[in-house]
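Some structures to go through are shown next.
Next come two complexes built around subunit A: one with subunit B, the other with subunit C.
Here is the complex of A and B:
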């Protein structure tokens, strides 16, 4: 039996596409971590809320899919900013200003995750809802060897890359982006340079949650939308962030793509029924050989 | 310009400053001296707003700033350079300097001030495209002072600019602080290098255990036996001569 290179290529293409979505969720987790020194355990729920917001906008309100995507990003960004403002910031204050001492934030993040799932359950119920999006205007991609990439995957790849490029441009080439980077590195000094640090922290949170929402709306048409969908995404995005190097933005994307490809290949060549464990297998492998992650710097040292 | 009235402040429940009174008049240089851990940096943080006041009041240009956030105080022209000598290591020297002008919109003015900083510290011009993480300790100190200047301060607060630097570099930095003051920027400089600071400044305060112990004109403090006893040594005249060059 000969090895089928075409199907290998197909698995890789699908893996990369799903991987960039893990990547944009991981990007948010890394952004929050580098900006606020907290690991946001309720980030999967931002992804889930984003998917539902998109679904409601597309189905109930009836706006076109791209508008639903943008609307979901904005609404989720606002939700995230509100959660940070009302809940997390109290904890950070107790930690001497902006960072959180010890376990408090971890517990708060998990609690927020459970609370948000229940709120969503209360609003939308437990059933998985299909996300029907009219994507006819997006071309299917055909690769040599009869590989057809459906519209939703093409769209996902395009939008994810566009979002990453936009974030990169924002952080590297705008004044506000410079301020965000300054806040991420040292809040006291950023403050002393006249940067409105609390506002930047809200912005970081909003951006990160908006990215998660985009992932939710992009994954929606491929799978379905369900209140518990956040857990698995959090786990994979977390794995992606660690594999790439926690806190590193390019690392988050690289990690996402690696997780996506690795799990697709695992499902294809080892066993499809264990699809979700391959991400962690990869995580363990990377941690064994490079504990700081592929593009990570050694553990962040704070003055 | 700056008036500190009965300021109490600290960290959490820990009170470090126990009723500090100080005044910095417009123009010129005032120095705050004291040993390690006596509360000098804490006072600067309380003035710039990085830690809240427990009691007392801080006035800048006659206006109470006690309740303002750090970025609001900075926008009034009260700029602090921290002791940590922290530049943003992943940004170039020039990016760091431009970041100092974050609150300003006058492009021409920013470019002119950039030029001015490069005149004060020519080594920064040489290194402008270099990541600031690659600079030496003295160069970073010049960079953070330069970055403070880019904000167009009315008053600049410097926290131990001489710490951990070679004497020759210290001299260069102090000479530049003097030049900066001559351009009309009021300066409050915190120091442990008592001799140099008292030569540089017109007025001095000495803090111990969170209260001001001694204050007076710098000239008098240099020869004050109480100050001398605790701090001074070596030849004042030599340093004074070198500084004037």
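Here is the complex of A and C:
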């Protein structure tokens, strides 16, 4: 049996679609990193909460899927802002990044992650719940060589691109977006320019958590929704963010796609049971040989 | 304060005679612990004491790289797993259950080999630290640690879902360490020696180099400290602790090893120990390990019923307490210890100056 190019193409297509979702979560992580100089270890839980909010809205409230998506994004953004305001602000004000406070922030994020998982467990229980969404109005895509892409994957691709375009427009072409970028660049100067820095930080957090929620709702129909889904997603999103260059927004998407494709090809051609390790392998390789990532800027060491 | 000061004075006077005397005294005081526990409470607490000793080793080891050298690593539990699985696989008889690997080595060869393998793994974990700082390093180590666990979980030769069973117990001559009480002497000795060496490292030139790197990497390198070498050394030393703890854990009765022992929850518990103890303080780490391990054990079966559903609240409590600790008590127990020591030093100096009246005034 010769090499099957059709299945290779299929693996790449599915890898790209799932990778775009990784990329959206990675976007949020990158956004928080560039804005606050911290790595948010509880971001996977925001994704999980987003998925559950979407599930509750779609099943229990009964709104259509796109509205559930938007509702979940708003709810999770509010949750993220509340968490930031109550818990993180105290720590980030002391200084993030490479300082001792940065170490505290990492530990705090870990604790928050564990706490949030168990809050969700408290509310929704441990069972995996299927996310049934009526997506009949989305066309199935057919590729040459009998490859059919299911509706949920098509929808994921469309919404992801739309979200990225919206984020790009917001950051580059609005006044608030300019303020956000100013805060990411230098908080002290942003203060001097009359920008409400704490508000912008809240906004960054809300945006990042909203993106994670969108990823959760998008991935819901492909896999089931369960309390522990956040952790692996976090790892893969980290890998994506690092591969693309931490803090770089296009890099996050590129990294996500790379992780998705890499992991699908590894699962297909090396060993399917080790699927979850490939993302880490990529992460470690990139960190060891090009820590700034593919599109990142070289991190400066401050004396 | 009064009792604490007199205890500290007594320890100081012992240490003046010979620096090992306080350690020997501590060892002698800990010797009858299993019998006290068995008569006052039950056998189970001895098992808990054993696990506390292992956690002390882990926490003290993590403190070397995190507290002394200031490198943020969150993959320590992966090293622990490497030590445990290596030692178990080396010591198991070939052809075990479920396709588990086995080499049938004698245990006293398996444990040092496991420690060496873990030290090498620590070197690999440490390699990113040469180029990465803070957040990046945390990510890299997290990735490494977690991939170790997943690798164990999906590889049948290393136990996968069933775990490794019938791991032999170590023995000296005809004396076999196969009960909780006898194993206690093994792990307690290891823990005491581990703490002692941790202090030795802290007070040596190596320890000072670690602290210089922690305070300011650039200033340290300007002062002629080989930053790369010492960062890697810190990782290797802490990996030796983790490997020893892991190997001892593998051979602990009942000789069963499962990858569930190396999850994120364990990592969080370990981090909580170090944070509660105060990052960088050895005794703080030890006390943190004891407190957290007891709390972990006692709350393990605490179930809360919410809408007729049993909810294990322990992880929630642990996660939240970690957040609150970092927020409101960033120096941990170690902060109290340092304050206490500073006070004592201040009082002693004042006494010398005033002729022995400062304490009463």
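The rule is simple: the second predicted complex is superposed on the first by the 291 of 303 C-alpha atoms of A that agree within 3 Å, B and C clash if a C-alpha of one lies under 4 Å from a C-alpha of the other, contacts with A are read in each partner's own complex, and residues count from 1 in each chain.
We take it that contacts are C-beta pairs under 8 Å (C-beta built on N, C-alpha and C of every residue); 3 or more make two chains touch, one makes a residue touch a chain.
As the structure is a computational prediction, the values presented were derived from the model and not from experiment.
Peer 1: Should the pairing of subunit B and subunit C on subunit A count as a clash or a fit in the superposition?
Peer 2: With subunit A aligned, subunit B clears subunit C, so fit.
Peer 1: Scan A:196 for contacts with subunit B and subunit C and give back first, second, both or neither.
Peer 2: In the superposition, A:196 contacts subunit B only.
Peer 1: Look at A:125 in the shared chain and tell me whether it touches subunit B only, subunit C only, both, or neither; answer first, second, both or neither.
Peer 2: It touches subunit C, and subunit B stays clear.
Peer 1: With both complexes overlaid on chain A, does A:280 touch subunit B (first), subunit C (second), both or neither?
Peer 2: Only subunit C is touched by A:280; subunit B is not.
Peer 1: To make sure I follow: the centres are taken over C-alpha atoms, the vertex is subunit A, the ends are subunit B and subunit C. What is that angle to the nearest 10 degrees?
Peer 2: 90
Peer 1: Who does A:181 touch here: subunit B (first), subunit C (second), both, or neither?
Peer 2: first
Peer 1: Let me test your reading of the model: by the given contact rule, A:117 touches which partner, first (subunit B), second (subunit C), both or neither?
Peer 2: Touch partner of A:117: subunit C, not subunit B.
Peer 1: Can you tell me whether subunit B or subunit C touches more residues on subunit A?
Peer 2: C
Peer 1: Measuring by CA atoms in the overlay, how small does the subunit B-subunit C distance get, in Å?
Peer 2: The answer for the closest subunit B-subunit C C-alpha pair is 15 Å.
Peer 1: Under the contact rule defined above, give the subunit A residues that sit at the interface with subunit B and also at the interface with subunit C.
Peer 2: Residues 97, 303 of subunit A touch both subunit B and subunit C.
Peer 1: Name, in rising order, each residue of subunit A that touches subunit B in their complex.
Peer 2: Within the complex, subunit A contacts subunit B at residues 96-97, 175, 178-179, 181-182, 185-186, 188-189, 191-198, 303.
Peer 1: Would you pull the subunit C residues touching subunit A in the complex into a rising list?
Peer 2: Touching subunit A from subunit C are residues 66, 70, 72, 74, 127-128, 131-136, 138-140, 142-144, 146-147, 150-151, 154, 217-218, 264-265, 267-268, 271-272, 275, 279, 306, 309, 311-313, 315-316, 318-323, 326-327, 330.
Peer 1: For subunit A, which residues count as touching subunit C in their complex?
Peer 2: 33, 38-39, 87, 90-91, 97-98, 100, 102-108, 110-119, 121-122, 125, 231, 235, 238-239, 242, 246, 273-274, 276-277, 280-281, 283-284, 287-288, 291, 299, 301, 303
Peer 1: Which residues of subunit B touch subunit A once you look at their complex with the stated criterion?
Peer 2: 11-12, 48-50, 69-71, 74-75, 79-82, 84, 86, 88-91, 95, 98-100, 102-103, 147, 151
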